[in-house]
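Below are two complexes that have subunit A in common, paired first with subunit B and then with subunit C.
Up next is the complex of A and B:
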């Protein structure tokens, strides 16, 4: 996790000065590990959003990547190794044993966030600018590959015009040539090259075409001396004049480099958009699709999740127990660590895999098809009311199924501040794991009104999202500038299987790497606390929960919950378990009372004990205490997997902030519910 | 006669007028092809009160708020 984060800039910001001269580096042997090494040249991918940077990045690097946030920021930057072979020699060393026409060069490739220009409007654009221009000479990438969408060339060239005003090595890679061709726009690469004054290569990152010529262009660019900056004929202190000059330059380049005006009749995309963006039908289509996403991530994933869960708690646990008793270690602490720590932790992690896979596949399809941009338009008005862009709707909806993939889904938000804000709000959405606890508590306390009580929890959940979003916008993100909706809509297209698969795999493996450690470590940590005897002289690993370090901690924090009406040791203890996973709350309850778990939807003996307990701790007001408990369960940390997911997306600092914010919100609300409730009930 | 973009007719040729948006935003619009002096068309109304514009080859969705701020000249 953290070391992956800090590992990012090592290659991007290099220290050694002489490494820029390529002649000194021999790469013929090829590099076997996943890093291109400290002295490999660094090439940055830049370009406007949706020009195909990430697709190209994935195509060039394969699995050799580190994804993560730039240190100190929440801006996502991916770094990977691009292995190139070339017919031209890159080194002249004697011990070189490269085959003829196969000189290898490993390049560190950096995928920077999308930027239309070098004038920073967001932290993402600011990072791009700083890396390309502000960082002193050696730290900069050795070459920029600017991606330009040839179906709307002029949009992509503003960045080129600005970059050309600096002495930087640039290669322009034209993407979306298939779309341009469909619109009868012809791009004359040679003429465009002459007009822009930089090498231009036409590629198709989706079909992985043109990557060889791109490698050639990049390698000759790296070997060539720094080009001169483009002389600007306008006063640099006059931004309007400067812009005017740039747009003239762009217009000339587009004029020289493209042929044909394209079809003017309504395209296929226009015809779909007539429905998909329409005032009434647009939201209906959108909601139907969201319902589908929600259904797939909950109902389709559920049986697979249950299967994995049963596999781990059943056969695998039983088998391991049998193994331990066979070697005479039955009941030992080693068995406890393996079964209740490692197996339980890994099992929990793996139950998320079907869910996350489905989520990532759906995200990739929605993005690749071009619908995601439309979704952002359709719900923009509504989401803006709570200070979030339209795209934030999807993570929040998914959150009602499970918070873990929902937080990963914040990745679709282009602006890192919006990503942080959304990732902080997602845990307030009542996931299905919390639903099972709500139902049990609801049935126990409210009998036939259980449904109403659960429904109220959903209302509270929505209000928490809106309210906290509003408060955060008014406090921490007060300076987040007004960001009106203007997006260029990409044409619709059929999602490609290969792209969907590779994006899904990349995201899934990233999730497993980060979340795996956190989840397994936490589950083992809880086991450890439950195994350390404190108030009894039982042996390590053989102690009752009440007498363990865990029990002592739960007892110590119990008085804090006095004003909430549910301050009993048994209840606070389940809440500590609930921190790990909400599904575990009921079984933990049953465990502390040494009772069987009730069947789903029933209160059973456990219900009677819980009721008695609440009655006592609340001084005769069990109903408001139960409501307060439900509200607390709703608002505080959903589970460690959510934290792990947050950690991965927005970093440790914001994750911690989120934990504190949620605990505070949960506590304040619970106290308010109980104190007001007991006046009437 | 200048009108707010949200009041401009669909499918007529429109020309953006100077001002209306902050400098920062102007640049974003300009990069997307919405520069003062360039002609474009509104293709349809979008849900939420926004508009979709056709500028050359591209389609740009403009939110309701922004559509209220931008001023255009209608060329018949």
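Up next is the complex of A and C:
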């Protein structure tokens, strides 16, 4: 492959009078030019999915990134600062001693959603088109870097052909050059540049090669005047004519710019795909990998979570209590706020870090290796039954470990509507936190059949996901098209440590920033309710739970649960705690009865009290009531951390919709289970 | 694909890109062939490349209505 390229003359930088940000006035003393803030040029990364945009974005911006949904949409757009430096002679004075000066230019880099063309077939592609073409001139990026896959150049150049029909500054960045070389495709960068009429740079963002020449090309492009649009002979209202003209242009460019049309022998990726995509073996491989992901995120993270939990409930809490005792504030409301509010809230947040970190690492590895696209193909037919793409299976399967990282995992879905739908279904997956309560209730009420009862809950969970997905698809997203699965399978690649770490850190820090405040505030809120005396003269923070605002609220809502069979305030109060975290349900139950928590897998004294309460509240039908309770616990809001994660991914409106939907489903199902069950049991 | 490339004069890679584009925009529908012709393999032009156990089945492309 030719690596020689024709650099645009640096005179373009010096002579540009319009580029204030480049400060191109030439003096012998030189000008150290630094651009930042509102005056910084904006460069957009554009390209089809799987061309390496996000990898390049991470390589260019490092940690200088903000990620979030574009205002008014659920489409994610990342922005970052790209710091470029160029060492050039600032003048050509023969008499002075002008050494090379550094020209620094900070560029605002925007990573737009993947798009095959400017004719959108999803909200993501529509946003890309709007940001490039529809907004007024000042709002558009100053330059577009279009990523093109060298090994499949024709597929990537359609977008370039459309962009060239507008007066836009473009730089084409060729990726996957190693794949092209393995397929005997030789790219002549100079000839391709001439054919396309725009600068072309070969890069490898995973290995961070070619980024310097890319920066040079972008700086030169920013300084250059707007290019003329490529003339189009076809009628703009004739899509077939336009496509024919564009593909003729593409074919000519590819013919001129490449040597060799790719070897016909199967590639390494093709050989693996014979197994990975096989009708029978493919799903087996997929399920095995998903089981591994599930096991790692629960098993490996569990000891770390336990350690953090014990750290916060042990030494940190004990130390804080000792501190408050030393200053004479032992037993005060301040101590209660700090220990049972702030420390408990921060502790809960940080216990998710091992889980989230592992999940993000595994996701990054699956995506970077290229296997994620295969997984989408393998499960596509099954997921279509509920109107979701194959990739949606991964967040759902992760949800059986923990709903919080599962919500974040919806980011792998290319379409924002699919992300919202999947994020609404994830809470119906039975996470491990619910499992602890299922086991306790199962042992209490069903003895040797406890395992069967728990297994039934998992079946109910799967049916809930399928049914709700089907209903939502037929109602709210009726117009979401059933797109045929046309997917570019990227070649398999060895994941890079740097990229995996970078992506993991970006996602984890984003979660902590957004979800942290919500979780801590909610835990503090529950403490506050449990501290406010309502029906007794006890001091603030020293009141019995039953006499606190918490207890009063629980008693107030208890009658609503009459038809469910578990209408006792001690039980309904656990629903309030369960809203915060399912892990706290059993301890809250024990606290309400002023009993010790039972050992894991045993009912203990708590189980006996719970059984007695259920027997009374259900009118002698404790077993259907127990099942109804388990179903309610399964279906309603998993925890406040899940809400926080949903808020971040799909916004407040959809999160609140999800809460209402889950509560409604939980109540209706619980009533149905009890009312029907008590006829037989 | 080879025949299409010969008839249209497009390089195979560009032709494949064009077909993928037409499928993505809905102007061409693609269906994987899962069964065989009732006349058997003798008259089938895909005999040499057909493998029903392979992950990559022959595709039928039709213009969308």
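The criterion applied here is as follows: the second predicted complex is superposed on the first by the 631 of 681 C-alpha atoms of A that agree within 3 Å, B and C clash if a C-alpha of one lies under 4 Å from a C-alpha of the other, contacts with A are read in each partner's own complex, and residues count from 1 in each chain.
What we mean here is this: a residue touches a chain if its C-beta (ideal position, glycine included) is under 8 Å from a C-beta of that chain, and two chains touch if they have at least 3 such contacts.
Predicted model, so just to flag it, every value in this text is computed and none were measured.
K.L.:
Touching A:119, do we find subunit B (first), subunit C (second), both, or neither?
P.N.:
both
K.L.:
Scan A:247 for contacts with subunit B and subunit C and give back first, second, both or neither.
P.N.:
After superposing on A, A:247 lies in contact with both subunit B and subunit C.
K.L.:
Answer with first, second, both or neither: which of subunit B and subunit C does A:255 touch in the superposed model?
P.N.:
Only subunit C; A:255 stays clear of subunit B.
K.L.:
Of the two partner chains, subunit B (first) and subunit C (second), which one does A:273 touch, if any: first, second, both, or neither?
P.N.:
A:273 sits against subunit B and subunit C alike.
K.L.:
Does the superposition put A:315 against subunit B (first), subunit C (second), both, or neither?
P.N.:
Once the two structures are laid over each other on A, A:315 reaches no partner at all.
K.L.:
Answer with first, second, both or neither: which of subunit B and subunit C does A:183 touch in the superposed model?
P.N.:
In the superposition, A:183 touches subunit B alone.
K.L.:
Based on the superposed arrangement, let me know which partner A:559 touches: subunit B (first), subunit C (second), both, or neither?
P.N.:
Neither: A:559 stays clear of subunit B and subunit C.
K.L.:
First (subunit B), second (subunit C), both or neither: which does A:447 touch?
P.N.:
Neither partner.
K.L.:
Name the chain, either subunit B or subunit C, that contacts more residues of subunit A.
P.N.:
For subunit A, the partner with the higher number of touched residues is B.
K.L.:
For subunit A, which residues belong to both interfaces, subunit B and subunit C?
P.N.:
Shared contact residues on subunit A: 116-117, 119, 121, 152, 154-155, 158, 243, 247, 262, 273-274, 277-279, 282, 484, 486, 488.
K.L.:
Could you pull out which subunit C residues touch subunit A in their complex?
P.N.:
Residues 10-14, 16-18, 20-25, 27, 29-30, 53-56.
K.L.:
Using the touch rule from the top, collect the residues of subunit B that touch subunit A in their complex.
P.N.:
Going by the criterion above, the answer is residues 21, 23-25, 27-35, 43-50, 52, 56-66, 69.
K.L.:
Report the residues of subunit A in contact with subunit B in the complex, numbered from low to high.
P.N.:
On the subunit A side, the touching residues are 48, 116-117, 119, 121, 151-152, 154-155, 158, 183, 185, 239, 243, 247, 262, 269-270, 273-274, 277-280, 282-283, 373, 377-382, 384, 481, 484-489.
K.L.:
State the interface residues of subunit A toward subunit C in the complex, per the touch definition above.
P.N.:
Listed in rising order, the residues of subunit A that touch subunit C are 116-117, 119, 121, 152-155, 157-158, 240, 243, 247, 250-251, 254-255, 261-262, 273-274, 277-279, 282, 484, 486, 488.
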